[in-house]
Structures are given as structure tokens and as C-alpha cells.
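I am attaching a structure below and will ask some questions about it afterwards.
Naming follows writing order (A, B, C and D), and every chain is counted from residue 1.
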Amino acid sequence: MKNLIKGAIASAFLFGASAAQAADDVTLQLKWVTQAQFAGYYVALDKGFYEEEGLNVTIKPGGPDIAPAQVIAGGGADVVLDWMPSALASREKGLDLVNIAQPFKSSGMMLTCRKDAGVETPADFADKTLGVWFFGNEYPFLSWMNKLGLKTDGSDGGVTVLKQGFNVDPILQGQAACVSTMTYNEYWQIIDAGLTPEELVVFKYEDEGVSTLEDGMYVLGENLKDEAFKDKMVRFVRASMKGWKYAEENPDEAADIVLDNDASGAQTEKHQRRMMSEVAKLTAGSNGALDVADYERTVQSLLEGGSDPVITKAPEGAWTHEITDAALN
Amino acid sequence: MNQTVISAQNLSLTFQTNDGPVHALKDINLDIDKGDFVSFIGPSGCGKTTFLRVMADLETPTSGTVTVNGMSPAEARMKRAYGYVFQAAGLYPWRTIGGNIRLPLEIMGYSREEQAKRVANVLELVELEGFDKKFPWQLSGGMQQRASIARALAFDADILLMDEPFGALDEIVRDHLNEQLLKLWARTEKTIGFVTHSIPEAVFLSTKIVVMSPRPGRIADVIDSTLPRDRTLDIRETQEFADIAHRVREGLRAGHAYD
Amino acid sequence: MIWILFVLIFWGAMWAVNVRLAAGPQTQLTKILVPTLFGITLLVLWEGLVRGFSISPILLPPPSMIAQRFATSLPILWEDFVQTFIKGALSGYFIGCSAAFLTAIAVDRSDFLKRGLLPIGNFVAALPIIGMAPILVMWFGFDWQSKAAVVVIMVFFPMLVNTVAGLNAKDKFQDDLMKTYAASYWQNLLKLKLPAAMPFIFNGLKICTTLALIGAIVAEFFGSPIRGMGFRISTEVGRLSLDMVWAEITVAALAGSAFYGTMALIEKAVTFWHPSQRN
Amino acid sequence: MTRLASFWHKAGPVLCILLVLIAVWYGAAVALNAAWAKDKAARAGTELTFSELVSDTMSQEKPLLPAPHQVAQEIYKTTVLKKITSKRSLIWHGWITLSATLLGFVFGTALGVLLAVGIVHSRAMDMSVMPWVITSQTIPILAVAPMVIVVLNAVGVSGLLPKAIISMYLSFFPVVVGMVKGLRAPDHMQLDQMRTWNASNNTTFWKLRLPSSMPYFFASLKIAIAASLVGAIVGELPTGAVAGLGARLLAGSYYGQTIQIWSALICAAVLAAALVALIGVIERATLKRMGMQQ
């Protein structure tokens, strides 16, 4: 029965494809709203890199309640961008997500604190209120706190966790001592709001040795058994990485392309260009292939979750070099 | 006995409406003596209800004066000089019959024992003993109207103003209530102002019949009844009754001819 | 395939039973039995279709799985319930409804204010107030206070409009009667206007129960401490624990129905005299 | 003359209260934004005079509460000055929301009427469906919204339709309730009259029940369209800030652009008012033709 539905959907897709053009359709689900964080894909789309590979790519923006893993499980996308902790957690829930490429080499996540709240080192976190994103993004934070030996259930000597909304208001209004920020996005919102870098302390997950892998490309394992799909992914990864490298070299142009694709009309040029230059630093070290050492480190930190680990056992088959090997050689 | 309780002099009332002014009352002069039973009769729009409402200070006249017990209607109202019975029983559905009758007593600040005593008293007057725990909507229309009369009798007002109180009831019930009302009037010696559009009802009940005519609302005739104060329904078969009824009818006709 | 066949047969059978029950004499028992059977049919339909089509539990978990999750997560569900319903929704509901009630009474004395406020109140009652949620979270912080504030604003106008309409609902004769008694403003208010307004006031109170719950949950999407029904729903969707999400939705539906039902019961007791409540 | 007077009689108090509200809004803007202005000044090491303080609170880029004229400027900028096709035009976003609203409204009305007809004609349906219709509204729809969209995605439905389905979920309820009441509005006498003419159920429905239900129908439509708009906006909130007024709200919240949030809110309010007014006009015209209203 399941296959019947799948077949129906697939044939619907096929029909759509053959009716439109001969190019292969690929749908990409982003993790968040349209912004320079995803510049590589928009550049590849805009510059025709996908077209050159014979692909007809649709990019779906995400949002606060869009779980990419759920979208791919529902057949709403062929490839999704996700953070590895959340992808591995989904794997444990029985969704066979496989990492096929990892354009982000380093983590851009950090905790940004106000000096006047009395935070200088991680040791000062105790009894403070910290803003954290949830929705699958809390795993790196939880394993870091676990490493620091701080409880997150609000008990004495631990930290009080606040589910941060989509903005940095809690730190501006002093409701939280620290908030989660990305080097390329929220940090600059704090700066734009009027706080100066001197008034802030930042703790990069990368520097604290608790970084986990961010934006990677994930597909369903069962699809990888299909040669045609694999071939499609090879071309997709190749074109996407071409897009990323182009974006790194031409950040301003990339930011403008992102702006053109922002349907919400809420982004500003200044912010996107700055974001692009920060994102370029994170993608710089990667050619697209997953660094196994990074993967091992991520898994290790997720396994150390204390009483409530993010994942309970080391996953198997959660990544493959098959696609990147074919794409990049 | 001939003490004047209500007196109207050159009373006029004009309503301003979107279609221009309407002369509801024009140059009304009338005296009502203590203990009188006065009926106001006339076609719709003759101002009979308006006149009653002016006496009760529910409307304010445009010119002329009215006195109630020698005071202005407003002062009389503040002194709670009269009880008023409306066309519809207007009982509060969330209060029992007893509770409804108690309402004016609560507002006027009677003590609890006094309230209970009076409620029992007036319920007996209108023959509704045993119904004080019932809700209005559990009673028939006639019983509801009797309860509303009881409510107007519960406090010490020597004037009772009634605006077509039996208009919505069927004739058999109405006859019965008319008889009861006369007995009540005899026992309580109140002055009653009674609006109706039924000639037999007016003749049967009243000591004085005020015939009114419309556009502008004015008094066409005032008839002092020659019937004895103590009367039963049989009196309607007498010649005297027919004569008075005839005079009323003439008055009404004259009012129309004037139109 | 067997599941689907079973579901279809079950559906048909239940419907037949219900038609027979409904055609029979209406008793207290059939009044409860018929909708219950229908509800059970829906659940079986759901369970059967999910199993029959092997729908992934990440998309739509079957009711049995939700029930299991519900039973094993009672402490968390209770904590969330207290945070969102008791602290956020109920306090906001209470404050919002009382404020609207008092405003309505104040406004009722002035015809000018009434004529000015009513159209505006009607207008605001139709607005997507829920859009204010991010702003209120910004103003009142992330804990339950901001959720209560969202609820206050959401319930205020529907309650105001209903109460004002109710205070005008008295019968003309009754109003004149109070005048002939020379009743004071407060006597008139307490003995006539308020009782007469009760059906409208309860109408407002009932509408507001659902609004309160929705407001409190939705406001949590814009920032919250790490407990609460809205928090749990949004986080667990991210963790693909859809069974937990549905367990929370069940709690919300139960709480919402109980809240509404309580109000309806109080209404029945208070406005027993109103034609709509009499049998 | 009298028409003008009656216009002022109606509009005067409303305008007065609106003016008061705007004054309160300005006052609140100064009060709420003052803290930030002082904070900024303190960090810069300067003192603010009162007039400086006031002018600063009125012109912040991301105020806690923007002043009315800031919102008005933003609305003007994003409606009149931008091309309608531009993604920065509020009209474009309003149109996206409006189309989902209308689609959901049509679905919701159709579903509501169908259910109501079924409920009025079948006792079994009345007894089994009605309680669940009421229960359905106690489920917080926003919680279901993301799932509705993803599940629909799984069967290949995306774009306008998922939002419209959320709108439908909110708007069918008032229609069911109103229509059941309306279709049952004819009294015994009218129904008996139909029986004396030996009219079929069908005829009774078309000639008596349906016409009698019209006033109820329109009253519910007004509630339904407002609910439908809320549904469309709520549907846009969690489903990725793609486009529409809900997306503007979300994006505004995400970037702390309060002026943008408020302008989207005001735009939604105007849209709601216009839709309800439109139904009102149709209502008056229809009822007048049917002789139910002068």
C-alpha cells in the first residue's frame, strides 16, 4: 500500500516533469527563511548551474515550525538542509536520513552575553537565564551544558533556559543574560539594535570544543538505492557546491541574488551582505565532502548527553561519500 | 371625598420625529378626584397612553402643568405615589412570583418581615396564594397579569395607573379580572387611572370616562358614570349601562368626524 | 488492505446503529451514546487508515500510539497544562473578562461612549488579534505573564461587545417599571440590567473560553520558558515526536471542552429562566 | 441637513474615541520607548532633555511601540510607493492572504451549509455530528497548522490550498451553527402550511427553509469571513515566512521590525473591515430583494 502511494506521488511528479521539460526535478527544503545562509543554492539556481546539470530545482524556504526531516518524510522534498544533531535524532526516530554533502565546515553558533549581566566565562552561567532555540536546535546547547555539568531543569546551581523566539529581544530587554546567536545573523541584530561589541561576550561553540555540524544535505536512505536518484544528487551537489564557491568569491552579488528571491520582502541589503561575508567563513574549509573527523566529534558530543542524551547509540550509515566522490572528481 | 389628586392644565406634548412634529397631546384639562376610577378610551394615537405616562413622569410635557397630590409628577414619582401596570405583565423571568412582587419593596427599603407580610397579602388579594414560588413563565397569561397588578399594589401608593393591562387576554379571563379589579378597588380605596380601547370595559369599571380623539390627541368628552360604585357583571345588561356606552360611542365618533 | 476493509465495515455498522438509536425515543442515554459512538468511529477510522496505508508516524501517528504516549507522559502534560492553562489562559481570561465587564458597565452610563466604543469594539473583535502575540511577548517577557496579556486582549473585545449588548437587552416595560419605583442607578443595575444581561454575558464568556486557550498556546510560539503546551508542541514537532504533539493537542481539546462545558453549566444554573434554557 | 446630522450622530463619537486612542497610542509610545532612548544616551554618556527624549521615542528604527505616524509612513511607503508586483509591497502580501482567505471562506461556507442541511434533515447526523462540531473548535488550530501543511505536502498539495484548509476549519463553524438555526427558523405554522399543500421535503427546503435562513446565513458569513482571515494569517505564521501578511508579521518579529509588524497588523485590520463590510452590502442588497428588510 505504501508503495502504491509512493508510486502515485512519483508518477504525479514524473508526469509533471515530462509535461514541463526533460530536466530532472529536485526539490530542496531549507532549514530556515530565505537568507544568505543559503546563498549557494540561490546562486546556483540564479546563475543557471542547476540548469547546466539538467536539473529543475525548486527551493522551498523553511520557517519556525517547518521540520525539514518531516517534510522529506512526507515526500515534500528530495533533499533537505538540516543540522546534524537534529538529523541524527530523527534517525533514531526511524527516519533514514543520510548526509550526502556537508558544505558548512565550521559551526556558526554561539552564545552571546551581556557583560553587565555578569558573564565573563562559561563558569558564570550558573543561575543565569540563557536563551536557546528549540525545534531540534537545542541539542548542541544541551550537550554543552552537560559537559559543563550545569543542569537545565531550572534547579539551583543550574541554568534557567528560556525558549527564545525568532529574535534577540530577550538580551536587549535584559530578560536573559545570554541568547543563542549565529555569527552571521542574530549577533548582528544585537549590534544593529545598539549594543556595542565591547558590551558583549561571545562564546563560540567552535572555540568551546562543542561544535556540531550545521547545514548539511540529507536525503532518504532508500532513495539512494535508486541509481537515477543518485545520479541526480551527484549533479545537484556538484552544482550547489559550484554555487557556494561562486558565492564565497562574490559575496555582494550573492547577497543580492538572495534578496531577489526573498518572497517576504523583509530582508535588508546591508544585513544580507554582512551575513554572506560571515557565512563565507564557515563554508570556506569545505569542498562539500563530509569530514569524518567532524562527524565523529559531533556524534561523540551528542552521545554524552548524560541522563538524557540526544542519541543513545552511535548511528550507522548516517552518511555517505558516494555522492560527493562522484560529484567532485 | 372630593379631594383632587391629579390635575392637568393646558397640557400639551409634541414629539419631534423625522416626519415632523406629532401632537400627541393638545390642551388637556382634567381633574381626577380621590377614589375615582377613571378610564381613558380612544382609538390608537389619541394620546391616552401618553397622558398616563405624563402623570407617571415617564414623559415630560412640552407645555402646561400636571400635579399629582399637589406635587409635580417627578416629585410624586420620587415619593412613590403610584403603582403602574403595563400592557405586558413585564415580570422578571429570573425571579419567582413572590420575588417579583418583592422587587419594589426591596427597592423602597422595606424590612424583610414587612416584605413577606405584604407579598402574602397582595397574593391573596389577586387570588394567587400558593404561587409565590413559581416562575412567571410557568403561569398563564391571566395569572401573570394578576401578579403584575399585585406587584403594583404591594407598596403604599394611593394611585394605581394601568395601561391596557388586560388588552392581550381573552374575553372570559378579562371579565373575571375586571370583576376582581373592582373588588380590589373597593377594598383598597385607591384612585385608579385605566387606559383601554374597549367600551364595555370602560363603562363597567369607571366612575369617570374620558373619551379621547387623535391628531392632535385631546379630550372629546368626559362622562361621569351614574352607575353605583358597587356593581357586578350583570349590570352590563341594564339600560343605564347601554346609555352610557352609547354616549361613549358618540364621543368617539365625533372625534373621528372632526378628522 | 484488511485494515481498510475493516474500517469501512465498522463505519457502516456504527452508522446503522446510530441511525436506529436516533430514530428511537430520545433519552439521556442515547443523547450521550450517539455522539460517543460517532467519536469512536472517527478514532477507528483514523487508526485503520494510518495502519492500512502505513502512514509514517512522523506524519500522523495512530490514536493508539497517542494514547500510549499520553499515559506515559502524564507528569510532563500536567506541568504544561498548569503553565499554559492555569497560569496563562485562566488568569488572562479572568482579568480580560472582568476588565471588559467593568468597562461595559462604565460605558453603559454614557450614551456617547457607547455609540463610540461599540463599533470600534465590534471591529476589533473581528481582527486577527493573535498577530499581537509577538509584540506582547516583547513587552511582557517570556513567562506566563505575556501569555496572559495576549489572552486579555483576545477576550476583552468580544466580552465587551456582548456585555454592552446585554445591558441594553432589557424589556422597555421593565425599564419604565424601575423608573416608576424611582429606583436608584445601582438598584436598577443590580436588580434589572445585570440579570437581564446574563444570557449575553454568558455568550461572551463561552466564546472567550476557546479564544483564551488558543491565545495562550499561540503566544508560546514566540518565546517561552521550557514548559507549556505551546512550547511542547513546537519543540516536539521539531523532534518528530508527533505522538507527543497529539497528546498535547488532546490535552488542549479536553481542557477546552471542559472549560466550555463548565461555563455552559454555570450558564444553565444562572439563566435557567431564559427561553433557550427551558425545556 | 438631517442626513448630515445623523451621520455625525453616528460617526462623531467613534471619531472622538479614535482620536483619544491615537493620543493614548502616542503617549504609550513615548512611555515604552523612553527606556531604550535613555539606555542609549547613558551608554553614550549624554543626558536627554525632555523634548529630545520625545523626539527620539518617535523616531527609533526598532521601537518597542512605533508611533502612529511611523506606521502610517511605512504603510504609505509599502502600498503606494511600491509596485504592486514587488515583494515589498503590502498590497501584494495582502493579496496573497486575501486569496487564501477567500478560498478558505468558500470551502468553509460550502462545508458549513452542507453539514447544516444534513443536520437539519437527519436526526442521526444531528445527534452524532453536532457535539463534535463544537468540540472541533476547542482544538487550537495553530498547533495543527504546521502538520496540516506537511501532511498535505506529502500528498502533493502545497501553496494556497493548505492555508485555505486552515481558514476553512475556522470558518465552517459559525456557518454550521447559524445555518442550523436559520433552517430551523420557520415555525410550526409555516411548516404545517407546507404540509397542507402536500409539499415534498425538497420543496419545503427551497421555498421555505432556505429563504427563512437568509438573515442567519449572512450574520454567520460575517463572522466566518473574519475567522477565515485569522485562519489564513495564522496559516502563514508557522509555514515558512514565504509571503502574505502572516509572513510579514513573522519576519517583522524575527528581525525586530516593529514598524513592519504594526503596518501588517493595520493592513490585516483594514482587510477584515473591508471584507465584513462587503458581506454587509451583499446582505442588505439580497435581503432587500427578498423583501426581508427595507
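In this text, contacts are C-beta pairs under 8 Å (C-beta built on N, C-alpha and C of every residue); 3 or more make two chains touch, one makes a residue touch a chain.
Which chain is which protein? Per UniProt: A = Thiamine pyrimidine synthase; B = Taurine import ATP-binding protein TauB; C, D = Putative aliphatic sulfonates transport permease protein SsuC.
Remember, predicted model here, so these are calculated numbers, not experimental data.
Between B-C and C-D, more contacting C-beta pairs join the chains of C-D. Set against the C-alpha centre of chain D, every other chain centre is closer than that of B. Inter-chain centre distance (chain B to chain C, centres taken as mean C-alpha positions): 50 Å.
Chain C and chain D have CA centres that are 18 Å apart. Rounded to whole angstrom, the centroid-to-centroid distance between chain B and chain D, based on C-alpha atoms, equals 53 Å. Centres computed as Cα averages put chain A at a distance of 38 Å from chain C. Shared interface positions of chain A, defined as residues touching 2 or more other chains, are 64-65, 67, 70, 73-74, 165-166, 169. Chain contacts: chain C has residues 59, 134, 138, 221-222, 237 touching two or more partner chains. Because contacts link the chains in a way that matches no line, ring, star or complete pattern, their graph is best described as other.
By the definition given earlier, chain contacts exist for A-C, A-D, B-C, C-D. Put simply, chain D touches chain C in their complex at residues 9-10, 12-18, 21, 32, 64-65, 122-124, 126-132, 134-135, 137-144, 146-147, 150-151, 154, 222-223, 226, 229-230, 233-234, 237-238, 246, 249-250, 252-253, 258, 261-262, 264-265, 268-269, 272-273, 276. On the chain C side of its complex with chain B, the touching residues are 171, 173-174, 176-184, 187, 191-192, 195-196, 198, 271-275, 278. Residues 1-2, 5, 64-65, 67, 69-70, 73-74, 86, 89-90, 93-95, 134-138, 152, 154, 160-166, 169-170, 173, 175 of chain A are the ones touching chain C in the complex.
Residues 9, 12-13, 33-34, 60-67, 70-71, 73-76, 165-169, 172, 189, 192-194, 196, 199, 262-267, 271 of chain A are the ones touching chain D in the complex.
Listed in rising order, the residues of chain C touching chain A in the complex are 1, 52-54, 56-59, 134, 137-138, 141-142, 220-226, 231, 234-235, 237-241.
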